[in-house]
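Following this line, the structures themselves.
Next, two complexes with subunit A in common: one pairs it with subunit B, the other with subunit C.
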Partner chain A sequence: MSTPTNQPSPKNWYKWFDPRGRDLGTWAFILNRLTALGLTFYLFLHLIVLGQLAIGPDAYDQFVELLHSPVFIFGELLVVIAGIYHGLNGLRVGLTSFGIAIPYQKQIFIGLLILTIIGSIYFGITMFTA
Partner chain B sequence: MIATKSVPKSGEGMWLWLIKIVSGALIILLLGLHFFVNHTGLVSITENGLLTHEGVVQYYANPIVPTIEILFLIFVISHSLIGLRSILLDLKPSRAALNVINWVFTLVGVVAIAYGIWLVFKILSFLPA
Partner chain C sequence: MDMSHHQKDLWTVTFRVFRQKGNAAGHYDTFKLEVNPDEYVIDAVERIWAYHDRTLAFAHACHHSTCGACGMRVNGVEKLTCITPIHTVAKNGGITQVDPLRNFPVVSDLVVDMGSLYQRMEQVGHRPVLPLPEEPAGLPVRKNNGNEYVRLSDCIECGLCISACPVALSTPGYIGPAVLAGALQHGIKAAPALLALVDSEDGVWRCHSAFECTKACPSYVEPGTKIMQLRKQVVGERFANLFRSNR
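Here is the complex of A and B:
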């Protein structure tokens, strides 16, 4: 096996996101990292905007009104999809950290991708038709 | 995917790693609960769910709810900051830079958790006496 030339280094950190010539696990890693960043961003945004609850009924109810726009529903759908993937992949990473199911990592990863896709379709339909 | 053992990340001690793993598992449980209670009719709260200020306040009237929300807040903030720190570790920060990261993240975590707890009590203050 030749060593891939696209290994990340602190100076070329963006090569974290280059899957060429690497294993399926790189995709798991890329998706885990992107969803981690997205969910962290959402978490702090969520905490900040819920500050409207402290201001009072008018502020919060007007804010919720704003969220009915398709742009926000789409954003929330992305959060749900990222949450499903990050949670399922996290279970895989947690298990393998304890030496469990290591030979089946590939199958587990493909299985959790399928579950994420099914979940995305389900929530996509329910959130946009609600 | 090569079948090998997982390798500890340099700069992330056993305890931080363990907190990340355990909080991750607990988040799956609590997020499931948070999500189904907040967004489905499985638990009847108020007519409008949590989409009105009044609905949220009534939901918080049950003492289990603020308790779970505060625990959830602590787990999720810890998990996200330890995770973000582990991403930064891949950039091989110098000892001094890592010190700054540790202090800033600890401060952000403490402020975020304090703010969240304040918010929970602020919501409870809207309950009719």
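Here is the complex of A and C:
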């Protein structure tokens, strides 16, 4: 009787990230969810890294050495970018939740995107030139 | 300036219409129509049914954005098709896609089962027609030849907001924008039983402030804003309950 693809379901998770036909708010939602997933993934990685301490100082030092490679630095930059966006969008959601600046929520979203880009450039330069 | 398109300005538009019967897989059928671009999308759908395929199922009634029956997705965007001029969603010689609303079970072709929406609207006590003395705003009641005025609710229960909502797309449990806006008709102070329903995982706190509902609403209910107002009421009531329980 029903179309599974038409129904809200975790099985249709890929549709959560489909912005076609949608407004800016869905972009805010998509980026919020992606960054949340990314930050959660990072949290687990972080625990794994800390878990190296239980093995011993040598294992930890070797692992930390690996983290100095450009690939891992880029990964850390992604974490920083996700943190900036997720935090700023959290402020947007918090403001609108209290009825503040609801008519300007799109402008706030564009503003926080600009801040995220500026932050990304700043931290990108800082992290890769350190 | 005459903005209307005359008969000589007919457009040729191919309508790509979602079809599904029973448990069969969904697919699209195409129908090439000569249309006046000032006509509405529902007119084209009706013509497809009348002259091309009598098995096409779709819902409609009033043709003037009051009944909320003809909500569909046109080119992926939720529209009340009786007030959506074809020239706003089509090009001469182009293709326009028509789909059923999202987040509701498809009954047949373009018809979806919106029973969950209606049940939830009843659950929050939303009434489409409200006597003025019961309005939350407490407006002065005027009489018309001795009869009380009644106010029609802005929400026409068309379901467009639920279809547009990215959060409703992720979970069927979410009460949804129309219902949360409907809960504000009485407010938590007037109907304390609402608090448990809306102050829940699938209530006001599930909303992620995408405001797609407000964009889609053809009746200017602004469900997104209403959800935020309801949140304020919920927070206020929680604080009040703290002091009540300390007495």
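The rule is simple: the second predicted complex is superposed on the first by the 117 of 130 C-alpha atoms of A that agree within 3 Å, B and C clash if a C-alpha of one lies under 4 Å from a C-alpha of the other, contacts with A are read in each partner's own complex, and residues count from 1 in each chain.
As a working rule, a contact is a pair of C-beta atoms (placed from the backbone, for glycine too) under 8 Å apart; a residue touches a chain by one contact, two chains touch by 3 or more.
On a predicted model such as this, the values are computed, not experimentally measured, just so you know.
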A:G87 contacts which: subunit B (first), subunit C (second), both, neither?
first
Who does A:V64 touch here: subunit B (first), subunit C (second), both, or neither?
first
Counting only touches as set out at the top, which of subunit B and subunit C does A:S97 meet: first, second, both, neither?
both
First (subunit B), second (subunit C), both or neither touched by A:P8
both
Considering only the touch criterion stated at the top, classify A:G124 as touching first (subunit B), second (subunit C), both, or neither.
neither
Just checking: does A:L50 make contact with subunit B only, subunit C only, both, or neither of them? Give me first, second, both or neither.
first
Would you check which partner chain A:G75 touches, where first means subunit B only, second means subunit C only, and both and neither mean what they say?
neither
After the superposition on A, what does A:D23 contact: first (subunit B), second (subunit C), both or neither?
both
Given the touch rule stated above, what does A:T40 touch, subunit B (first), subunit C (second), both, or neither?
first
Hey, what residues of subunit A end up touching subunit B and subunit C alike?
8, 10, 13, 16, 23, 25, 28, 93, 96-97, 99, 102, 105-106
So in the complex, which bits of subunit A are touching subunit B?
8, 10, 13, 16, 23-25, 28, 33, 36-37, 39-40, 43-44, 47, 50-51, 53-54, 56-57, 60-61, 64, 83, 87, 90-91, 93-94, 96-97, 99, 102-103, 105-106, 109
Sites on subunit B touched by subunit A in the complex
1-6, 17, 21, 24-25, 27-28, 31, 51-54, 56, 76-77, 80, 83-84, 87, 90-92, 112, 115-116, 118-119, 122-123, 126
Taking the touch rule as given, give the residues of subunit A at its contact with subunit C in the complex, in rising order.
1-3, 5-10, 12-13, 15-16, 20-23, 25-26, 28-30, 32, 92-93, 96-99, 102, 105-106
With touch defined as at the start, can you tell me which subunit C residues reach subunit A in the complex?
20, 22-23, 26, 73, 75-77, 100, 102-107, 112-113, 164, 166-172, 174, 208-212, 215, 224-225, 228-229, 231-232
